[in-house]
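Shared between the two complexes below is chain A, which has chain B as its partner in the first and chain C in the second.
For the complex of A and B:
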């Protein structure tokens, strides 16, 4: 066998390879994605029944209910994305290539963001049917609010999943660590989404979106800095 | 002792200890393996063999002491060590839901191989898995997983190969192939550390021996 020809792999290339690997894993285990979708749908359906088909209450609460559904689903997605890394110590194998811990973080966080973001679009027609909501401000503001909210969940979610991954009670630990940290960003996301659904006569949407974006910058910067330390011994 | 101009030792361990909770897995271990030599690591279960291999691979960090691998500080210069060392571990480091080929191609891309698919196919052929290359490894037997893990190790063309129970789960043909691979690695100048309970087999393959009891070095 001839000696291998190797070129150094930069940060962005490593991130792209790892993101592709994560998406490939999601595609190869579609049953997991299906479970995620059905879980989110069941959550929205239960909320609809709980609110007793009261149209006004449902419309007012729709933004919050959407984010609750996405939050619960994201916990499942994040846990699963590290469970596959735990099998056969695959994450150790990637670490020892060596692959940059920061590239692993960005790839994992982007992969989960794409998944939750797609779920947010998938749930939209269900929300329209169940809660009688409208995209009063159009799909553009919804896309931005959804993306910013997803980014705020996934970056700390990946860091805490990596921490919880080594714990015995990981399924309990992840929400315990994650939910309190997400409260401010989620409140802002709920506000922004509610305005997208119900209209924005006071021109408040921009402020809420900037607030979520601010949290995103903080969460992603902290994750970028801390994640390599979390996955090392 | 190396003289000026000699390459740095493959492994230079100085008073290295590793603690898990209250238990010391390794206690003040010192040892130097010259470049290009092979070491047989023996000891009962729990004696610290796997911990030592994982420390050298930089999968773990020592609790105390100094460890240099191929001339690099294994704590401060992890990436330099990782780029040159390959570990065959009890865990295969493989993704269960991906095929054998996908597992190797991803690795080849991360390592910067110019033709990742060609490299993966060549290694699959080398370990006799060409016919199963498109099968998810979830359906592989333990022996096939071990062969794929060996292909994974060879992908790196390491300067130091760390083999933790390399003959485990292999059938007689697989054991013979593993011995041939070890001989090839040695012939190419790769330094080697082999941990196994098959002492006779190990002694045939290695020039040096380190015996561990409760994380301490003792005469075999």
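For the complex of A and C:
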């Protein structure tokens, strides 16, 4: 009796399985998520020292500080996300299953987006307490601005992290490649978040959000196209 | 096509609502840029084939390189004379405006070089070749050098006219991140030893960082910027236009000469890296055999 032939799963199912695997891994090793949260908190505290705890300056700069905190944390999360695959050559195993490289990209990028997005919500009460900000426009616009910004960080982040993971000096390389690339998208996210905090009398929020969405479309499309080439041997 | 319009707005002109500055994006523009990109990539492919042909089939390589750089040097001298002595000073800025004759052509040529890098990155992913990879490395390096010089001259020009060396303006930010992003690209090339992986990964990174190139070009139109718009020949006085054109071609010839020279060096490195290791030295072999 021959063993049953296993059909390779479809793209969406593969993505869902990989995403579930990544989230389960994060849940089982909660130490990493905790470290991430405390790292982000420490950054926000350090920014307060840097600005001499001046309430007016902190309030005005809160949007920028939030995104810098999220950016620094995302570098840690992205680096970790491929480091765990190095153990027992897990990435090779996933590719041999076979799972498509694009499914791996979408799963990794979505997993990291969820992580950073949750972190953004977690930091909100801390920012209210530390920087005395107000959600002037309400939680809806904050959710949209946060989600679009996180999406723009993670797509190029996953591609660069997969590259840096195999290079020398990988801890230097990831931020070196990622930070300059993200500046335009991040700048728009900062503007949008600042408007969410401080109010939007000139009705500019929509155009800044469109700008981030434009970068999201470009980054995700390029990542989707290019990622399989990055992990091939 | 309303759907196309929406996509175009998202991709190209989704800047802040600053109506009088935003360039309306039409379907024609999208088609134009798409065609330009494809034609540009095809052109770069042709140039690589031409380089290879001259290198391998003729003995003219040194002559052509020396000719390109020679023409560039002569044109630079002519352009410098025209810009410094022949052209009249600017009505508002006086002699300081003469920086334009170097600042603008340098950044034009830097953008050309970085677009060549993008084209090589795309070509490498379609059909891997050491020639494409070498030209990509050459283009990134010359582009960064020319761009850095252009930005430096811009800062020197900004001090007397804007009152500051540097200001946080969209055009300036975009140019600065362009330089840092390509510096990161060059760092990546140094950090990977395996030439195959280096070529593949730097191609991927080259395509991703090229997202900033249109931002640099359009920043003055999409955002409220202190930097002026792109001029067209009809908006520049003929007396100022002549030295600008001469300098643009001077730097274009220098760029081509530098590119080619750097391409040869990069290609020699690749050949060295992928060459088979030498056979055991004869002395070692003698020790093994009794």
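The rule we apply is simple: the second predicted complex is superposed on the first by the 228 of 233 C-alpha atoms of A that agree within 3 Å, B and C clash if a C-alpha of one lies under 4 Å from a C-alpha of the other, contacts with A are read in each partner's own complex, and residues count from 1 in each chain.
Heads up, the rule we're going with is that a residue touches a chain if its C-beta (ideal position, glycine included) is under 8 Å from a C-beta of that chain, and two chains touch if they have at least 3 such contacts.
Bear in mind that the values here come from a model prediction, so they are computed numbers and not experimental data.
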| item | value |
| --- | --- |
| Fit or clash - chain C, chain B, common chain A | fit |
| Which superposed partner A:52 touches (first chain B, second chain C, both, neither) | neither |
| Vertex chain A angle, Cα centres of chain C and chain B, expressed to the nearest 10 degrees | 90 |
| Touching partner for A:183 - first (chain B), second (chain C), both, neither | second |
| Contacts of A:14 with chain B and chain C, given as first, second, both or neither | first |
| Touched partner set for A:222, first chain B, second chain C, both or neither | second |
| Touched partner set for A:203, first chain B, second chain C, both or neither | second |
| Contacts of A:89 with chain B and chain C, given as first, second, both or neither | first |
| Smallest separation of CA atoms, chain C relative to chain B, angstrom | 5 |
| Chain A positions touched by chain B in one structure and by chain C in the second | 232 |
| Residue ranges of chain B in contact with chain A within the complex | 57-61, 78-79, 82-83, 85, 87, 89, 91-98, 102, 106-107, 109-115, 119, 122-123, 126, 136, 152, 155, 157 |
| Residues of chain A defined as touching chain B within the complex | 1, 3-9, 14, 17-18, 20-21, 24-25, 28-29, 84, 87-90, 92-99, 232-233 |
| Chain C residues touching chain A - in the complex, by the definition given at the top | 9-12, 14-17, 125, 173-174, 177-178, 180-181, 184-185, 187-188, 191-193, 197, 200-201, 203-205, 207-209, 211-212, 215 |
| Sites on chain A touched by chain C in the complex | 156, 159-160, 163, 166-169, 173, 176-177, 179-181, 183-184, 187, 191, 203-204, 206-208, 210-211, 213-215, 217-219, 222, 226, 229-230, 232 |
